[in-house]
Amino acid sequence: MESILSNLLLLAWLLPLASFCVILFFGPRLGTAGRGAAFVATGAIVSGFALSLTALILWVGTHGISGAHHADSADTHAADQTLSPDSQVAIDPSAAAVHLVAADHGDAHGGDHGHGRVGPKAAYFGDWYTLVDFDRLKITIGYYIDALTVLMFTMVTLIASCIHFYAMGYMHDELHDVTDHEVTLSNGEHLKRPGRYHRFFQYLSLFCFSMLGIVVAGNIAMTFVFWELVGICSYFLIGFYIERKSASTAANKAFIVNRVGDFGMIIGLMALWGSLGTFSFGGEKNDAGDIVKPGMFAQARAETDHYALKTPEAMVESARQMGAEDPEHTGHVLLIVAGLGIFCGCVGKSAQFPLHVWLPDAMEGPTPVSALVHSATMVAAGVFLVGRFYPMFTPEVLLTIAIIGCITLFMAATIAITATDIKRVLAYSTLSQLGYMMFALGVGGWVAGMLHLITHAFFKSLLFMCSGSVIHAVHTNEMTQMGGLRRKMPITAYTMLVGCLAIIGAGVPTLVGLSGYYSKDAILAQALHFGKNNAAWDVMFYVAAAGAAITAFYMFRLWFMTFIGQPRDPSRYDHAHESPRVMWMPLVVLAFFAIFVATPADIENFTDPTASPMVQLLEQARPDGTGIDFSGQLAGVMMPAEHGSHDEEIHLAAGMIAFGTAMFGLLLACCLYWWRILDPEEVRSMFAPIYRFLRNKWWFDELYDAIFIRPTLFCGRCIAQCDRGAIDWLIDHLAIWMRSFTAGFDRWIDRLFVDGLINWVAQRTYALGIWLRKPQTGRLRQYVVFIVVGTMAMYLLATFGLTN
Amino acid sequence: MRTGNGGRRMGEINGHTVLFLFFGILACLFSLAVVFSANVVRMAFYLILALAATSGLHFLAGADFVGTMQLVLYVGGTLVLLVFGVMLTAQNPFISLRTAGGDWIVAALVGGILLVILVPVAFQIGLPPQDAGDIEGLTQREAVASSEPVSVPTATRIGLGLLGVPGDDVSGYLLPFEIISIHLLVVLVGAAYLARAKRKVVVRQESQNSAGS
Amino acid sequence: MFDLLTQPVGLTHYLIVGAVMFVAGAVCMATKRNALGVLMGIELVLNGANLNFVAFGSNFLERNPAYQLGLDGQIISLFVIVLAAAEAAVALAIVLNFYNNHSTVDVDRADELKG
Amino acid sequence: MDNPTLWPLTALVFLPAAATLVLLLLPRDNHELIKRVSLFVTVIVFVATVIMALPGITGAAHFSLDADAVAEMQAVFQVSWIPSFNIEYFMGMDGISFPLLVLTAFIGMLAMGASWPITKHVKAYCVLFLLLETGMLGVFLALDFFLFYVFWEVMLLPMYFLIGVWGGPRREYAAIKFFLYTLLGSVLMLIAILMLYFNSDLRQLSDEQLVAAHVVPDQQSVAAWRSANPADGAAADVPRHTFNILALQQLGQTTDQFSNSVFTEGGKSIQWWAFVLLFIGFVIKVPSVPVHTWLPDAHVEAPTPISMILAGVLLKMGGYGIIRICYPICPEAAYDLAWVVCFIGVVSMVYGAFAALAQKDFKRMVAYSSVSHMGYVVLGLGVWSAVAPSFNADYWKMGMNGAMFQMIAHGISSAGMFFLVGVIYDRVHHRELDKFGGLFAKMPVYSGIAILIFFAGLGLPGLCGFIGEVLVVLSAWNFSMVLAIISAFVVILTAAYILWALQRVYLGPEYKGPHPEALTPITPREWSIAIPLCIFAIVLGVYPQSLFNYMSPSVDHTVDALVEWQQRQAPAALAEDDDVQRENADRDRVLRRDVESKSKGERQQPAPAQVRLGWNRASHDALPEPESRRAAVTQAGKG
């Protein structure tokens, strides 16, 4: 079973890589103008989808949709609620972990709890390929397959397949030479360039490969590798229109902001690697298949401790090795650092506050890219990783995650209100929804977060593709130039309506609804549950609820502005038309999933949200030991077990609040943009300061520019200047000083001393010559006198001088 | 012609003395005349007389050959040459070139001092020794010289001496003689050359002139 | 000094005459601007010296026998005479040449080689 | 001594130098012929190294991949050269030098291929180029310190002329700067060499060590060696000095020969000073801040192929020197100064990245990226994280391996970057980053290659730069968290400057600089130089074990020897401390995961204490070592 599953997924994973290579080398020669590239890429991803689906079916066949025993679920819930941490410790002291007051009811009591899993969850893991191997330290390419992996695989390949088909229509222009109306050359003309149809699909294939790599990754290092690779694919795809300055800038921004997140992630990796010595989720196996080194999860949540989170021994040991005074405590801090670090990476990738700024700009890429990369899959990878890494997160980290998610969901939603670019509205909506997911995970709602991840993937990609369809028709992103398009393109309009309804979580409370209804209700319920347990943080629930209202408002504002009312720009309206079938077919498919993906399949329990097969499957994938209450050591926070939120009281309350807020937002949108009871302009001028604030996206770009980019560039310039001005100056002047010194020395010794001596002798000789020249008058007669005098002198000398 | 040994301190005035005084004073006077004469022609004349008087002194000293040569070579040869020179250059401005007073003073001073040095030396070495002890250990030549002089012609002995035959009071002088001969030859050639040099240039100029015309 | 006149002629007499001639020649050389005058001074100097040689070699003079040159003195004076002749020839040639070049015989004008 | 590898290795090293004689006979004006001959020679050298690398081809000079064999010196030969100073013509290779040797031959070949645009004094250029290659090959093979130094200097002069004659407008300045900087390093190195030489004494080594260091051929001749008088017939108790690097390593690690104080009693030891001098010499070559400023000038002014050589090979010599000479010979000083080494590495990384961000000249930016990337090498070498009580050197091994990998990877990516900059410089004759743009449209293949190579430099997974960087950064954590975090921070800056440069040069609507007509697609010659670099960048990124198979055993061997030294240094007095033993046992248990349920009662909820993230390493001698280990060490010491 394991080998079949892993091989299926391996094949599904590598097919896009093969497609990438084929298109890379033969791209332009595939069919006319590279048309064949689309077929290669689409074929690869559809095959991947088929393989994933096979894997999913196999999984369900092996492990069932769930092992749920719903009969006693209510009782267990009740028991959970009544049990206080103290009483749990009293019941089974041996189950209490060192740092965390924790208990796993089901396992601790050897019984069966609400979600019915006995023993560890089903997961296969192993290695395909060893990247680096230093005896005890290994970095590998491996797999970790559980229900979540299989689900994500299927979801990603399904959406990617739809988008590939869609892109075949959307990118049709690229088949021949393109005139880019957004790029004006220096001679005033618009840029003309050859089409890059095949290159688009090449990047898409590479992206699919990388994304599936993240999903299947068996260790966090491999996740990081593909994390970076999706980043670079995103870079290429955002910057697909390389001639547009805005596009390439947005691509850079995306990659660099992601790198900031990765910086944190590397710190997390270092903290893990430096202490645990492994990156593996499940554990490292030898050739015989025995686990030779326990995985990270097993080290943090040992089976012997009933999967309660405690600081891994290796971390304590590492802290001791570093000479910490209190190794236990420091080890725990190390675990928190690791968790926060990993979460940092997720913040970057999932565009959470404060690293959210890149995602709206990323809408510069073609719309299929926005649909696939920047809403459904890549940005959700951050959430996926938080979900995957969930066992390692301490309550402190989870609280951080919740806070970040909460801020993001609210902030992004408010910005979306004022955006007029249809894709940007959706981008902020994506941010907001990702914030919901993070928030859900942070407050302990693992299944809720993951469920929202999957439902959101469907409806958000649907929304993006619809918006792409609109853009394709009217050739503008500005909603202020649209209006009334419902009549021209009904399929797009109604599928998009489905998407809007899904995202606001529309449904009949307690009865039935679209996919978003289930996921959003679950999130709000868990938030309420969390708030009830941590009174200090219950404000987050209200923020989330308000976010739901805002979501409803801006989504319908979008829909109304686009499809309802009179055309604002008649020329664009006249040219508008319904998209070709290759584009609207995927819309219908996705709309179907957006409606039904989370619907309970069990007719008997149709109203029970947990009866949905999706929820059941996710419940299977829930990390061991996370289905229980546990509280933090440093920050006094208690993570309530998720199934507690299924309690009728909480769930109903949350559901009603969600419904109410969504309806409120919807009605407000109707008033403003459909029924025209209120004039948007009037409202806008009434809240002018707030409008400006939101319109400028909370001034984040300006803020970051001022506090990060400019100082960094300034610092760079300073250092470059320091290089030239200080170090080089010193070196050059040392050389100059040295030269002048030696010159001086040379002058002093050579010129002054040696030359001086020679010159002095010469001068003396010369002076003597000059002096001796004076008697040389050239006058013969004087010479005679001299001779005579000389003779006399000699005589006198001989007579008186020598004789004495 | 001899002076007696007895009158070593106070000799009588004999013919030899008179002649010596005559020639000696003559030589001195004409020498000084040469010095003080401004006219080059006269100077030449005075010089001839002075040299001739010197020749006489040579004869008086018993150097008959040298005296003859003095007359023949000097007065007859060298001075004729000088006179030729005077004549060749004897144009009015040059006949008497006036000498500056300073020069005269300097020359007189130097000359005077020289004379003051020379004359005492002449007395010192020219006088016979005071006592006989001084002559002890004289060489044979000195002994010969101290003996009574015999007046014999010197030409033969000089000729032999010049041919390298040492006599009793003469060394062999062949080598100096030959050197002098060569020297003379060279001087003659040189003199001829010097005297010709200018003419060559003139000839060349003339030839150039003629070529030019 | 004047007792020389009363003395028999001796070496001293000759030496004094030679000295006078020599000094006269030297002064002549020192004062004559005419090149020929200078030449004459030379002749006088040479004759003064010659006279001394002859005197030193003479047997007929009252003298100190320690300074007896014998016939050598005469031979040397002969050489001097010959040299004087040669010198006169060359000097004359020089003077003539100088005269041709400078149109003068003034030795004071012959100072081209002055240092 | 039987030296089967004498001629093969000598031929390999001196083939380029010998080929210059052939070049001298060629007609001066036939540029094409001269270049072809030179290229042929470099290709031969490369092929020879590849043949040595491939297993299964017999021959004495073959590089064995057997793990034990890789750890030791292979293909060693030894010929007496200057006997009066015990200087030997002594070469060999192991897993540290061999990959660098192959890299040298590879980059040399490509750089010669990239020399075709050179038209000035082609003959002289080729002659100097080949001499340079001989010097570089020799440096990596030499095992005699003196020989090493000779090759080191041999390399210097051709480089000086190659920059100074064929360089850009400020070439004289750059060449002199390069020369002076390097000469300073050489002089310091020479002082250190002499210091070590005159303090060395071969007689201190055991028989096994003498054999291992190739001082004597085998065990049997040791006695004869010991009894033999020195060549000058002096007394037998005169110390026997040596330049043998292997013997010096043994002396540094197993004797206290280099531990005496130099100047005053109790001052710094000989090896401390030697380390400092050597380290400065090598770090100038690396180069690290603050002695890096020759690099940007030299790179900017040097012609393209010389930039490739500079970045691809010459910088590696610094790292090679540190790992081959500094650390093994002076372990005590290295341990003392590990912080300084790491600090310099991290400062270089940050400094280079910031400086690269501010550059306006394309080549200058690439040069500063080299400074930044080579900082990883220095950091990776320095992370001496093995401390008492466990002496777990795994992370340090990883760091050293990462540093070695980074050297090779940087050799490929930076040579590629310089080449690619050279390609456009040849066309448009300027390098102003702001005056490019839109090259992608005009030169698509070139731009594709360029983006790949630049991403390799950026450290993108799947390409060579990633492996080295990530290994170094990961290993740094256990040495110092602060340094590790700072080094991780550099990934942001790296991304920023590389992407920004790519945007300005390759992306955008149109080319903004002069000579737009010259932007023609790359020629097959350029293509065939760039493609091998791309292939290597990908292969090393995807299959790094291919390189680690060659490198790891030797690197691990080096680290193990140092850690052994470190364990000997730890005082034995405290070794019987029970707690430590127990904790050590605990740790082993965790690693092996023989899970036992510990008594929960012992576990107390610890009181919140101050969080210390950047603690210093505990002093190594303050903590004891377990008795068993001590016993093992003592035994090893006896052996």
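Worth pointing out:
Letters are used for the chains, namely A, B, C and D, taken in the order the chains are written, and counting of residues starts over at 1 for each.
Definition applied: a contact is a pair of C-beta atoms (placed from the backbone, for glycine too) under 8 Å apart; a residue touches a chain by one contact, two chains touch by 3 or more.
Remember, predicted model here, so these are calculated numbers, not experimental data.
Compare each chain's C-alpha centroid with the centroid of every protein C-alpha atom shown, and the nearest one belongs to D.
Across A-B and B-C, the chain pair carrying more C-beta contacts is B-C. Across the assembly, the mean Cα position most removed from that of subunit C is the one of A. Note on chain placement: the centre of subunit C and the centre of subunit D lie 100 Å apart, centres being C-alpha means.
The distance from the centre of subunit A to the centre of subunit B, each centre being the mean of the chain's C-alpha atoms, comes to 131 Å.
Each chain gets one centre point, the mean of its Cα atoms, and the points for subunit B and subunit C are 5 Å apart. Subunit A and subunit D have centres, each the mean of its CA atoms, that are 35 Å apart. Across the assembly, subunit A contributes residues 781, 785, 788 that each touch 2 or more other chains. Contact with two or more other chains is made by residues 26, 30-33, 41 of subunit C. Touching of two or more other chains is recorded for no residue of subunit D. Pairwise chain contacts present here: A-B, A-C, A-D, B-C [touch as defined].
The residues of subunit C lying in touch with subunit A in their complex are 26, 29-33, 38, 41, 107-108, 110-115. Per the touch definition, subunit A reaches subunit C in the complex via residues 769, 772-773, 776-782, 784-785, 788. Of all residues in subunit A, only 781, 785, 788-789, 791-792, 795-796 touch subunit B in the complex they form. Against subunit C, the residues of subunit B that register as touching in their complex are 1-4, 7-14, 16-17, 20-21, 24, 27-28, 31-32, 34-35, 40, 43-44, 47, 50-51, 54, 57-58, 60-63, 65-66, 69-70, 73-74, 77-79, 81-82, 84-86, 88-89, 93-94, 97-99, 103-104, 106-108, 110-111, 114-115, 118-119, 121-123, 125-129, 134-135, 138, 141-142, 144-146, 149-151, 154, 157-158, 161-162, 167, 169-171, 173, 176, 180, 183-184, 187-188, 190-195, 197-198. Taken together, the subunit A residues at the contact with subunit D in this complex read 93-94, 96, 98-99, 130-137, 183-186, 191, 193, 221, 224-226, 228-229, 232, 235, 239, 242-245, 248-249, 251-252, 255-256, 259-260, 262-263, 266-267, 269-271, 273-274, 277, 291, 293-294, 302, 304, 312-314, 317-318, 320-326, 328-330, 332-333, 337, 633-634, 712-713, 715-721, 723, 727-728, 731, 735.
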